[in-house]
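Next come two complexes, and both contain chain A; in the first it sits with chain B, in the second with chain C.
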Partner chain A sequence: MNAEFLALAQMAVGGGLMGMAYALVAYGFQLTYAAGKAVNFGQGELVMLGAFIGLSLTGIGLPYWAAVPGAMVAGAALGWFVERAAVRLALQQRNEGWILLTIIVGLFGVSAAENIWGRDDKPFPVPWPEGALEFFGISVTWPELAIASGALGIMALVELAKRYTMLGIAVQAVSADPDAAELCGIRSKSAISLSWAVSGAAAAFAGTIIAPVTTVGPTMAAALTLKAFSVAVVAGLDSGFGLVLAGIALGSAENLSGFLIGSGWREAPGLILLILALALRPQGIFGKKIIRKV
Partner chain B sequence: MKASRFILTVLLSTSLSTGAKAADVVKIAITGPFSGGSAPMGISMRDGAKLAISRINQNGGINVGGTMMKIELIERDDEGKNDRGALVAQEISSMGDISAVIGTVNTGVAVMGDKYYVEKGIVKIITPAAGSASMTQWSKAGTKDLPIFRFAAHDGIQAQMVVEQATRLGLKKVAILHDATNYGVSGRDDLIEQIKKQGGKLKVVAIEKFAIGDKDMTGQLIKAKVSGSQGILIWGIGPELAAVASGKEKLGFKVPLIGGWTLSMSNFIDTAGAAGNGALMPQTFIEDESIQRARPFIQAYHKAYGVAKIPSPVSAAQGYDATILLAEAIHEAGSTKPAQIKASLENLKTTVKGAIADWKKPWSKWDPQNVETHEAFRRGNTVMGKVMNGRVVLANPSEKVVLEGKKVK
Partner chain C sequence: MLIHFNLGLREKTAEWIMRLTLFSCLAALPMIWHGEYALGLLTLMTVYGVLLIGLDATVGYLGQINLAQAALFGLGAYGAALAIQAAVPLPLALLVGIAAALIPGAALAVPSLRLEGPQFALSTLSFATLTVIFLNESEPVTNGALGLSIIRPSLFNIVLDSTRFYWLCLMVLFATWWASQLMLRSRFGLAIEALRDSPTATDALGIGTLRHKALAFAWGSALAGLAGALHAMNFGYLQPAAFGYDLMVILLLGVVFGGRRNQWGAFAGAAVVTMLPNLLSNRTLFASLVTFGCFLAIASPIRTLLTRKLPSFRQTAPVAAMAAALALAVFASNVEEWRKGIFALFLFAAVVGLPDGITGAATIILRKVICFAPDPLPVATGGIQPVASPAGLALHALNLRKSFGGVKAVDNVTLEIMKGETHGLIGPNGSGKTTLVNLISGLYKPDSGSLEISGVRPIPGSLMSAYSARSARTFQNLQPFSGLTALESIMVCQRDGGISEAMGWLHAVGLEAKARLRCSEMSYGDLRFLEIARALATRPYVLMLDEPAAGMSKPDIIRLVDLVSTIKRAGITILLIEHHQDVIAELCDRVTVMDGGQLIALGTPDQVRRNPKVIEAYLGSDESATQAKSEIGAQPC
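Presenting the complex of A and B:
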């Protein structure tokens, strides 16, 4: 009984820690949705490109600590590029073209990665110690801890910046009412661009902390976008705290169902959760109900 | 009108000239995964074979019935995918002038694609795919006349060695982990059959599978651990094997990892790092320059491709030996026609000195009741290898004599 309970706890904890990565990718959705009411369906590909760029930077001799910010700068540039290339025009024309366009840009990203870095999965070297830590009989590795602390850290940082810097407040203003913000002298286009850049940087950062666990390959992010999107929809697109909870819940549920029902059923709970959330609480468990004034 | 006649003449003359040119070359195709998770094996096999081809061509080619013919190579990447492999086989078998094919790493690709070669009677030497199904499919179908040969230690031999090694280590209870592909599933069946054959000394306490692309094996490993297994017998390919090794490390589950020869893939060894040390697997070739027979091949490979380490030494050496055996068969057949080449492969007269062994009549006339007739390797050609700090070394140093060629059948 005890061994069985420990096994379940181990699976739940391992899944929960990976779930933080889903939350971080979902956070990227939230950032762009708040500012411009659009999300990047190629977010997973940005995660993958960020990981590859980080890997290349360590490959030319940079230490991990320098490669991560390097990848984030590149991720910010990519996020900005996606907004300019795929989203802005569609939003100006008030159509939903950005859905398809962001997917297309993501596919280009996969092709580019295959041609630049090849199709193989590569290990991502990290400076953390090898081996695992044990808490009450549950093993946790350093890269897993890095995912959890990194995800929470970067989300806290962005949230603080949103509340206490002029730029952050400006982005929030645009998010609340773009026209009123323009009247107050805020360039709403720039604010939206900024939020996409931050979202891109968060995706690249996610790549550099996930890759040590999953290895780096062009297809590493294929399932990530969908899972992160489930997390974002389940939690609601305006609750940072909710994302973390939903991420942990999804990660644990995946691992547990894989363990209890069979490894082929890993993906099922995420999809069931998504269907339930859409049916019962379309605004998300932690979301605010949108009241449309007519 | 004039222009079209001109084009027609040009077309005719070029087709005639290529026709004339085709007469003095032997066309050989090499297929395998040159990208994706199995790429280290595919690329090493191809490069080993190319080493042999460039040597043969430097010496003027193969003497076919008195004419020296150079080898012309056609390469196709099957990406390790079954459907892509089937397309490649269709394409090559419809080219019409291919004498023989060497290759295939993934058993599923052989199962899906080889029927096209059999239909057209094109000779194929399978290397290094080891899954039993790629040969047993023909014995099950009762094929009378088979142009497919294998040049790899097939999974039957490998499973036998894995079970022997587990018994030698004194294990009583083991878990079997395998991937969900044809290769993994048939490997699992081979292991279970071998355990029975060897007297049922091992008790299988858990059987767990995983999918290609899985990165987290904690669930499977916890089940193995809880069931009290003292060792893991495993059938899968590099990336997933590495995930199992690092999962073991994470859980502090320090039991022997013994499996198919894929545990010698560079994408297992490099990705698993220290966690991969001690993994045991059957090998037909060890990249160790202190083995006299192997040294010239190892040095030539390193020099030709500018590497200090062969990505998959077994694949490279098998690719090389398979090619020189094929060249010998074409020479003995005195023809580039697949049917004659097949007949002479089944009855090679000359002993061919390869990088792995002296090959004396490795294959014989196909008998659907006995797949061994088209299998070149026997238990006596293979040794146990062990991962040690990024390389594969001999697990049992006493087996070095096997690789020196002293115990070859």
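Presenting the complex of A and C:
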């Protein structure tokens, strides 16, 4: 009994740590949603591309510490590109075209990755030590710890920047009311672009910390987008750190159901949870309710 | 345009002729284009045609990004395949396929249809992923990832070879096309278009947003099931992975590429989706097609450059995408490997450059070349007639309260309006007038208090229920059905009568001449009158007008006063929110004044105007005026 419980706890902890990575990708959704009420349906593709770029950078001899910022810069550029090419026009026209266009840009990203890096999954080398740490009989590997601390670190950093720098406050003003912000001399478009770039950088960073655990491949994108969406929506697209809790819950649920029901059903509980959350509380568990105005 | 034809033909007739020609050509195609492979492709195209017509119901007409269609298609295919394995005759297998998609589709529709935009897309996306997991993991039934093989059954003892099966699919496509068109051009279709523009208005006018959304989604799901059943019989082999995200994206993009809200567009999308992989295998043909596309895309920015302006993003982005596609066609070592990427580039160019798809663009050109005869307008009948509403109070609100956070927007309001009375509701900005109307019309649910309209107690917080109690309202912020014409806007919310009665309502508000004008092209004042006509067409006992004269020109206000007087003479009870005191004085029997969410005065317009409390609410007392001034001065900028 005790051994079984320990195995389950091990599963839950491992999943929860991985769930932090989902939370980080979901955080990218939050950033862009706050700025322009749009999210990138190709966010998973950005994660995948970030991981591949990081892999290539280590491939040309750069150390991991240099490859990660390099991938983040590339991710920021990609995020900026998605906003400029796919989102801006549709948002100006106030239609849902951006959903399609971000899917399209993501599709191109997958195709490009398939042709540049190949269709097969590749391992991602990391400088973390081998072996694992043990707490109360539950072992935690170094890459898993890196995911948790990296995800929390980046989120904390961006949140601090949002609250305590002029630029961050300007972005917050734009998310509250873009027209009013513009009247106060803030360039709304630039602020939205910046949010997308930061979101892209976060996605690329997520790629470089997830890849050591999962390997890198073009197929990782679609599944990640959906998981990150589940986290973001269950928590609420304006929930702040609520999504860390949702991420941990989803990651644990995934591992446990994979273990208890069967590996094919791994993703099912998260998806059912997502549909239920959308049906019962569309604004998310930690989100605020929207009032219809006429 | 250089060429101009005036055929005196109605557009509808022309469309019929073109459609019949298309189907005759398609039916004759197997005579020229032989071979199993060609027939397989043609059949796939018709199957996708059915599927995309179904997808268009949600993506096009409802305007929601639906990512579940591929999964529903798969469910239909598996349902039919399992039925065929159980030796069920072909027509029944088709029905099983439809049911296999319709039932889970309905189960998805119930929670999802309250959602909008990204949330709706997301819930359908998770449904799609769940479906593939389910098909993969239910190995005893579906044979899991190994796949399921079936043999095409015969139809009433006729052996269906590839050609015959193709003809069967073609007939199904024709029937689907026709049925879809009939349905979507009926009042049902108008309602769907209306609710896309303003779900609040469709509920307030009793059209029923959720019901129509659910029906449109069900129709799309049923067609997905039908297409799936045909697909299973066409291929004879099914695998869960084939119905995943990739197919979904391709289908979605097919609809957008072909053109939304249009069966021609769905068919064109199906043709492109089916034929593109084959085009890619022939490099020269593909390269020349892309070059042609490049020229098409570059024409529009060049025209702008010639007028010495900079082309917009909408004009340049397609050129960039097509140039990238051309580069791939020429330089990539294996074009087929880039299939998804090239598809993405095409789509990007189409979504940005041709928002109505290729058929939309073709329609615009056709309409420029050929002058179609306009549909004749019927003679107006009906209009505003005396109403026999039940005796007693027309509206009785008792102790209504509503607060938003800490703000008491409506604070313990009791209001009694007599039958046939025109009752004014005035007060400074933010005094809670619109919130009160929102409570009465059921947009908001009151925190406490009760409400009775013409002797009926509507369900609190239900627009539809308030409509059933025979109340109707207009909106301070206009809620037009932008995609519909003025006439269609009336027809979609009429309680009874047909097109000539609809003309009657337009005549009553003086918009008869603008019947065929789209709401998006109408002026602000006209839209305000159209909203009143819409509300009148529901034949209300109680009519709530929320600032009808706001933003209107002087002559329009005179027209409005005349109109409201006519409505009043017909015996309809009116609750009028208005800031124009002359309008209030001229029309209202009694006036209620609100301030800070509370009623502060009630009486005839004259009494109210002299009430010191009212004067204070509008102009402030001496003390508070100075206080307010200093507050404004102290505010940081």
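Methods note: the second predicted complex is superposed on the first by the 293 of 294 C-alpha atoms of A that agree within 3 Å, B and C clash if a C-alpha of one lies under 4 Å from a C-alpha of the other, contacts with A are read in each partner's own complex, and residues count from 1 in each chain.
Criterion: contacts are C-beta pairs under 8 Å (C-beta built on N, C-alpha and C of every residue); 3 or more make two chains touch, one makes a residue touch a chain.
Since the model is a prediction, treat every value here as computed from it, not as a measurement.
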Chain B versus chain C as contact partner of A:241, first or second or both or neither: neither
Partner chain(s) touched by A:267 [first = chain B, second = chain C, both, neither]: second
First, second, both or neither for A:108, with chain B first and chain C second: second
First, second, both or neither for A:97, with chain B first and chain C second: second
More chain A residues in contact - chain B or chain C: C
Contacts of A:130 with chain B and chain C, given as first, second, both or neither: first
First, second, both or neither for A:215, with chain B first and chain C second: first
A:121 touches, of chain B and chain C: first, second, both or neither? first
Partner chain(s) touched by A:11 [first = chain B, second = chain C, both, neither]: first
Residues on chain A lying within both footprints (that of chain B and that of chain C): 264
Residues of chain C that touch chain A when the two form their complex: 63-65, 108, 110-112, 114-115, 117-119, 121-123, 125-127, 129-130, 133, 136-137, 200, 245, 249, 252-253, 256, 313-314, 317, 332, 337-345, 347-348, 351-352, 355, 404, 434, 438, 443, 475-477, 479
Complex contact set, residues of chain A against chain B: 3-4, 7, 10-11, 14, 18, 118-123, 130-132, 134, 139, 141, 213-215, 219, 255, 258-259, 263-264
Chain C-facing residues of chain A, complex: 38-39, 41, 85-86, 88-89, 96-97, 99-101, 103-105, 107-108, 110-112, 114-115, 222, 226, 229-230, 233, 262, 264-265, 267-268, 271-272, 274-276, 278-280, 282, 291-294
Chain B residues touching chain A - in the complex, by the definition given at the top: 35-37, 39, 79, 208-211, 213-216, 218-220, 222-223, 226, 239, 242, 249-252, 267, 270-271, 273-275
